[in-house]
Structures are given as C-alpha cells and as structure tokens.
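All chains are identified by letter, namely A, B and C, in their written order; residue positions are counted from 1 within each chain.
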Amino acid sequence: MVEKTLGEIAAAVGGRLIGDPELRVRGVAGIREAQPGDITFLANARYERYLSETRASAVLCTDGMVAARVALLVVENPYLAFQRVVQLLRPDSYRPPPGVHPTAVVSPSATLGQGASVGPWVVIEDAAVVGDRAILMAGCYVGHQSRIGADTVLYPHVVVREECELGARCIVHPGAVIGADGFGFALDAGRYQKVPQVGNVVVGDDVEIGANTTIDRATTDSTRIGDGTKIDNLVQIGHNVVIGRHCIIVAQVGISGSTELEDYVTLGGQVGLVGHIRIGARAQVAAQSGVSKSVPPGEIVTGYPAMPHRIFRRLHAMFQKLPELFQKIRVLEDRLGRLEREREREAIR
Amino acid sequence: MVEKTLGEIAAAVGGRLIGDPELRVRGVAGIREAQPGDITFLANARYERYLSETRASAVLCTDGMVAARVALLVVENPYLAFQRVVQLLRPDSYRPPPGVHPTAVVSPSATLGQGASVGPWVVIEDAAVVGDRAILMAGCYVGHQSRIGADTVLYPHVVVREECELGARCIVHPGAVIGADGFGFALDAGRYQKVPQVGNVVVGDDVEIGANTTIDRATTDSTRIGDGTKIDNLVQIGHNVVIGRHCIIVAQVGISGSTELEDYVTLGGQVGLVGHIRIGARAQVAAQSGVSKSVPPGEIVTGYPAMPHRIFRRLHAMFQKLPELFQKIRVLEDRLGRLEREREREAIR
Amino acid sequence: MVEKTLGEIAAAVGGRLIGDPELRVRGVAGIREAQPGDITFLANARYERYLSETRASAVLCTDGMVAARVALLVVENPYLAFQRVVQLLRPDSYRPPPGVHPTAVVSPSATLGQGASVGPWVVIEDAAVVGDRAILMAGCYVGHQSRIGADTVLYPHVVVREECELGARCIVHPGAVIGADGFGFALDAGRYQKVPQVGNVVVGDDVEIGANTTIDRATTDSTRIGDGTKIDNLVQIGHNVVIGRHCIIVAQVGISGSTELEDYVTLGGQVGLVGHIRIGARAQVAAQSGVSKSVPPGEIVTGYPAMPHRIFRRLHAMFQKLPELFQKIRVLEDRLGRLEREREREAIR
C-alpha cells in the first residue's frame, strides 16, 4: 500500500491545496463511497451536493467549490488530476512478468521484442512481430505476419488475424477481434458469393479497443484507426473504414464499410453510420442516432435520420406538441364553421 | 432416457390433470414440433390454435383451455411448470466432472472449493478463490484475487479480470467479459489520457450473464449486479453502474456509466441508457428506446428520447396522421380564402 | 506472387476487355489505393470519378464506363468478378495444415474427418463429429455430440456448445458463440426461475457467421439458419428463431425469440425484431429500424416502429415541415381572428 501526503500530491498534480499538506491519503474512491484516508474527485457538477457529505479526506475539484470539513485540491481538470493520483497511489500490481509462458505456441519465425510477456495458451503464428515490453495475456492469438507495437497490452482472448498491425502503447480488452473478414458478398444466380477480404487492419499508437469489439479487415488496402483514438466495448467497425486521430467511439456503435471519420470525432453509444460517408473533424453524433449522409466538421447531429441537433430539438419539441396542434385545428374548424354558417343564414335572409 | 407418467408429473408440478394419469411421456418439445411421447406447453395465447393440431401426448396449459385428443395438465404458470418438467425428464448430462484438468494453469496461491471442476486451458491467477462445486469450462480466465461463488458455472472462454466477485449459483455464458476497464479518459492538451479503472465488479447470487456480454469494472468502488438479475447476450454495462435485484436486461442493451437500476426493472432489447440516471423499481423500458433522464418507479417508457408509453402511443398515432393534418390545413386555408374574397367583393360593392 | 495477363483474367471471369490482353497484373486494391500492376473494380457509381485518377493497370467495371489511360474489363457484376480475380491472384496462403495439434484435447469418442485441421488449444468433446477438411483454429470449443460439416472453417475462439450442427462450407469468425442458452425465465414468487434450454442450433450449408455473433439454442427443438445465409458481426439471434436461405443480416442486428425469416430477407445494421413475428421472403428492413409486427413478402420497411418505407419517407418529410405547419396555423388564426373582429364590429354597428 502506497501512502502520500496531500502536499506531495499537490506537488505532483500541480494544484492549489486548501487544507493540511501533512495529511496522508492512501486510497482512491468515488465521492459517495470514500472513507477517511481516501482522496476522491468531483468532475461532474451534478454531484456537488456530495461535497458536504463525503467522508473522504480530500477532494480534487475545480475553483470556486467550497467544503467545510474536507481538504480541497483545486485543479483545472479534476478527472485528469485524479488519473495522476491513481497512478501515484495504485501502481499496476498485476503486470505479468516478461518472458514466454511454457504453454505458449510461438512460431520459430516470429520475433519477440525485449521484455515482452507472452502468457499461457497464447498462439503467435509465422513471421509475426511482437514489440518490446508488449504484453499478450492468456489465450491471445496473433496471426501470420501481424505486428504488435511496443508497450501494447492485449488482455486475455484477443484475436488479431494475419497481416494486421497495432501501434505502440495500445490497450486491447478481452475478446476483441481485429482483422476478421469484412462483410462482402456478390449475388450470383440467387446465391451470395463471398468476396475475399485480402486487405488488413492498421491501428495507430495509443489506441484503446474495448472488450468484444470487432474491427474488420479491408476488402483490399486497410481499415485504419488513427493515433490516440479510444473505442469502447462491442463496437463494430466495417471493412475499409478510416478513423482519424483522437476520436471517441462509445459502446455498441456500428460503422459501415468505407466510411471515414476525421480527427476528434465523438460518436455516442449505439450510433449507426451507413457506409461511404464522411464525418468531419470534431463533429459529434448523439447516442443512438442513425447517420445516413456526411456530416460537416464541428456539427452536432442527433436523430434518425440524424440532423443538426438544434433542428432535432426544435422538431422534437413540436412533435410533443402534436396534440395541441390537432386541438388548434379543431378550434379553427369550429370557428370557421360558425362564420360560414352565419354567412349562409345572412345569404338566405 | 427418463420416462414419467402424467400422474407423476402432475404430482411434481402441482397441476390438475385432464387425461390418463398412467400415460407415459419421455420427451419435451415445442407445441408444433412435439411427437407422441412428448409433453409440451402453451404459455402464449397466440399459439392456442395449435392445441387442436399438436401431436404431443400432453400439454401444460392454463385453466379454460380445451382440447379433444391431448391430455392437459392445468397449471397457473405453464412456462414455469415446463421448467420443472424439463428438469425431471432431462437431467443435465453434460456436467463436467469435478477436478482440475491437467492442462489448466492454476496459481499455487489460488483456492479451489470442494468438487469444483476446472476444464482444459483454464487460467486461475494468484489468490483467486473458486467456490465449492463451481464449474469453469475450457479456456476460462480468472484474474488475481477474483472470487467465483459456489455452484457458479462459467461456460467456455469467460474472462473475469482481477479483484472481481461473482456470487453463488451464477451462470455466465461463453465469451462474457467481466471487469474490463471502464471507458474513462480526460482530455489534456489535445490527447485523451486514460483514467485508471481501479474499482471492480461485484455480481450477486443467482445472476445469469449472456454470451459475449461485457460488464466494466468501476473507476473506483464497484460496478454492481444484484441478486437474481438476468442479463442476455451482447449487453454492455458501463463502469460504476449499479443494477438492483431481479432485473431483466434483454440482448444488446447498453447502460452508460454510473446509472442505477432499482429492483425488478425490465429493459427491452437494444435499449440505451445515458449515464448518471436512475430507473425506478419495476419500471419497464420498451425495446430500442433511448432513455435520457431518470424514470420513476413502475413507469413504462418508450421512444427516443423515451417518454411514458401512453404518451408515445398517442404522439405516434398523431405522427401517422400528419398527412391528414396537412390536408385539413389546406382545406381550412381554402375555406378561409373564400370567406375573405367574398368580404372583399362586398367591400368593393 | 501470382501474375496473370488481362487476357487470362478476361477468359476466367468472362468479361469484355478494352485494353492490352498481354498486360500483366499481380495485385488487387481499391480504386484509390491501387498502384501500377494492380487490378481494381468499380461497383459503386459514387466512385466513378476515380476512374480518371486511378493508378491501377486495369479496372473491372460495368458497360458504358469510359476511361482514357486504364484498361477496362467490362462485366455484368464487377464485385462478383473481383471476387474471382482475387481467387486467381491471391490463393489462400494461411490455410492451416491438416492434422491435430499436439496441444488439442480431443475426446476419444469424437470423430475427425479426413484432412481435418485441429489447431492448438482446441477442445472437442465426447461424440462430436468434425467433417472432412474442416478447419478448427486455435482455441475453438466443440461441445458433446455437436457436428461440424465438411470444409467448414472455425476461426480462433469459436464456441459451439453441445448437440449443435453446422453444415458444409460454413465460415465462422472469431469469438462467435453458437448454442448458448436461450433467454427464458419464468417469474415465480418474485424470483426468475431459469427455463432449461434443451433444444439446439442447426446451421445449414454455406453459412457465414460474424465475429462475436451469438446464436442461442432453442428452448426445445432447434434455432435454424438456412443455407447460404450470411450473418455479420455482433448479431444476436434468440432461441427458436428460424432464418431462411440466402438472407443477409448486417452487424448488430437483434432477432428475438421464435421470429421467422423467409428466404432472401435483408436486415440492415442494428435492426431489432420483436419475437414471434414473420418476415416475408425478399423483404428488406432498413438499418436501425424496430420491427414490431410481421412484414409481408417483398416489403421494404423503415422506422421505429417500422412501417413501409414510402410511408416513412412521406411522414418524415412532413415531420421536418412541422415548423412550417405551426406557422401556417398561426397565420390561419390571425386571418380568422381578423374576420371575426370585423364581424363583431359590424354587429355592434
């Protein structure tokens, strides 16, 4: 167990401390669950009320927040500061040792970098290359001629098929499948013929890929994931998709073949994109939206089919007023009918 | 092959028999596929017409149903009674034997309960605990210090990462991943920094977790699944989610971080919940709905964004009448135009 | 590396060549990425502009397309022709050798066909049957009494539970789970009791099943997938679903229990179908739609709940005109109010 004083932590994360610099903390916890001795964080204003209730010894927070009993460490980005504090207090204790487990099946033509860790039941096929200090945990499969970058971690049961490339410092969670065949068939006399998928997947540096996510190999050429992009669990990325740098792709998103994302795109959970479109830089797609055409840079879109968010909100508000609209029309019909009947009576007179 | 008389079955499930108590059955089947010698059930009124066509020897059904040729066993809940009949007629014949397969890699510091079954290629890391009679089938991975409760079954290729806990009598289907990192990043100078996810997952007793479902570990503290909750395939449960007892979560649901479900909540297939909301006890969310704010106990919600079901139905009916609405307005415009023109003519006169 | 002349390729795929029959090609690539020496294809008119820019030596295309510098091979279905060309130029070089890897655990009562390939860490349980030339890659699990057809390929980490059947020439991608329990519970005194799922899954010939897709076993009887059907990644198919022949099921679709698809049905990505409905032959469901009732043969449906596509388009266009509608009503109210006030003034006079 590592213990640090608040003074040491303030020095490490660069914040302004309101409280005793000699106070010692050793644990990290959520603001509601924290106990004395823990440090926590407040990144979401929704939880500010917990500041007066928390039992934590210290809270990482932004400027302007006030608390009576608890030490505050005021920082610009509490979530980011918390990341650093966790690294101080909880050094990774489960890092597998370097070396090749005796049960791993490693081709003699494969190349393993210095300090790489290859766990039990791992299979590394011919001519594959594993970078320095890379970690392949139990049951991972690395196909022929694939390359795993330095310091990249594959959690248990990751499958990387042949000729695919992962950059440095990537993290791939359990059950992810990289390089399965794209979904391509040509109808011929009433039967679907498989179109061989002979491209590959190329993943940049610092990419994270979630559990049971699938990234298909290209028909020809490469499906590409740019540096720094983070992909959540159960995401489907089709063949020949090209994703830029520093994108955020939340769980259960589906991206159809040949669609492109520029840099810093954010896709909410369960979003679907049709194929062959382009999502501009820094565009955001709200959760569950279905995007059927290209989105310009910086746009925020929502809905099915997706449209600019401000239009969606306006239309949706009107949708909720449909009963009122029907009522207004009934009133108009009544009033108009009354006028017409009066005129008829006058005409008869 | 086990054979039972209808009398024995009626005694076991507690129903009222209309038919010969000496008739013997030995198989279970659907009402359309059943053959003589089979017992079937009728739980869905939609299939009542098959009662006159089935070739089954006996049908478990509710009171008031009538059939000419087939024996009826009248019970309150035919699906539940069928469950008991299946247990009578089809004792589990594929239960792996107790003991550790010679190919399993079990840490010397792990603890295995009495009668536990550890299959081929299983990996059990340091200080992990496996309960009595638990079954870990081929290729399962149990991380450091994780705990698997008594009588819990992990089907092949389940991954339980470090420090996670599963209760007793759970069933986890192939490829499920429990305890992968939550999806947490802090933007820092244009790059997403990973926030370490140092919490865990705590699963109660009698929980079922579907194939390739993913349940993420908490940032700090625990992602929690309550006793008796049943989770279908390909479901995503984010970090710090708290799910109550006896919930039903159908396939492909996605639950974002820190959202809470009280007891007996039902989520239909492909539902998405945003983070940091609360779904009240016994609330139901219709399939594919997108829930963006908390739902009170007992409410039934539908749509995107989700709203009370009765409102959704009303609005949707009006949506379908939009052409009629446009038509009504055209008629109003015509009638009003006519009145206005008449007045103009009168004014000129 | 295989090299062919355009004349040889034209002879093999049956097209009309516009260009030099002696020109040699050896690579396949997308139209934008192709280099001299490559052959590419143009199947989507959206990319026709690339015909004048491509660096490829030859392009498979349809009649009527014109290019200045590149040889054209005019065919009826360029994507299908491309499939054949890939087979000519890129014979499958990673085919695992026949035989059983020494680390595989194969029950003595299992039957392996001639030329079958069983990779490392594969488990084949009692009485299972693996067909001639079938390939089971690393870590696959085949349960008791299951049958894998001739020439079928299971990529790494596929799980086929007990008593399931796969036909000939199927391709199953990594992490797919066939035969996990259907999701069936009966509520009894406040607790969900598991209904044993004692049916199986029967998959026809020439079926493709995507990575991490899950196909549940039937409660009783069989969940069925017809010959020639192609299923993408992360699809969920519930218990007792029956899918016809030559269907296309795109990624992340969910099909609830007992629903039936006739032949040649196409389901777009992320579509959800409720249980107990029937989708008629050649019907198409647009991506993300939610289908709550049966669809007649040949119908194209869209939306949530799904409706005929032409109606959806019309309603959606009207939905986008809601602001105009509200404006029209305000105008009508004003005009009518003016008429009414005039009449009032006249009445007073």
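Convention: contacts are C-beta pairs under 8 Å (C-beta built on N, C-alpha and C of every residue); 3 or more make two chains touch, one makes a residue touch a chain.
Please read these numbers as outputs of a predicted model, since none were measured by experiment.
Taken as a graph of touching chains, this assembly is complete, with every chain in contact with every other.
Homomeric contact chain B/chain C is classed as different-residue, with under half of its interface positions used by both copies.
One rotation lays the C-alpha atoms of chain A on chain B, and its angle is 120 degrees to the nearest 5.
For this pair, chain B with chain C, the centres built from the Cα atoms lie 24 Å apart.
Shared interface positions of chain B, defined as residues touching 2 or more other chains, are 103, 121, 139, 157, 175, 212, 234, 252, 270, 304, 319, 325, 329, 332, 336, 339. Within the complex, the chain B residues that touch chain C are 28-30, 33, 40, 44, 46, 77, 79-80, 82-83, 86-87, 90, 94, 101, 103, 119-121, 137-139, 155-157, 171, 173-175, 206, 208, 210-212, 228, 230, 232-234, 246, 248, 250-252, 269-270, 287-288, 303-304, 316, 319-320, 322-323, 325-326, 329, 332-333, 336, 339-340, 343. The part of chain C that touches chain B in the complex is made up of residues 103, 105, 121, 123, 125, 139, 141, 143-144, 157, 159, 161-162, 175, 177, 180-181, 183-188, 190-196, 198-199, 212, 214, 216, 218-221, 234, 236, 238, 240, 252, 254, 256, 270, 272, 274, 276, 290, 304-305, 307, 314-315, 318-319, 321, 325, 328-329, 332, 335-336, 339, 342.
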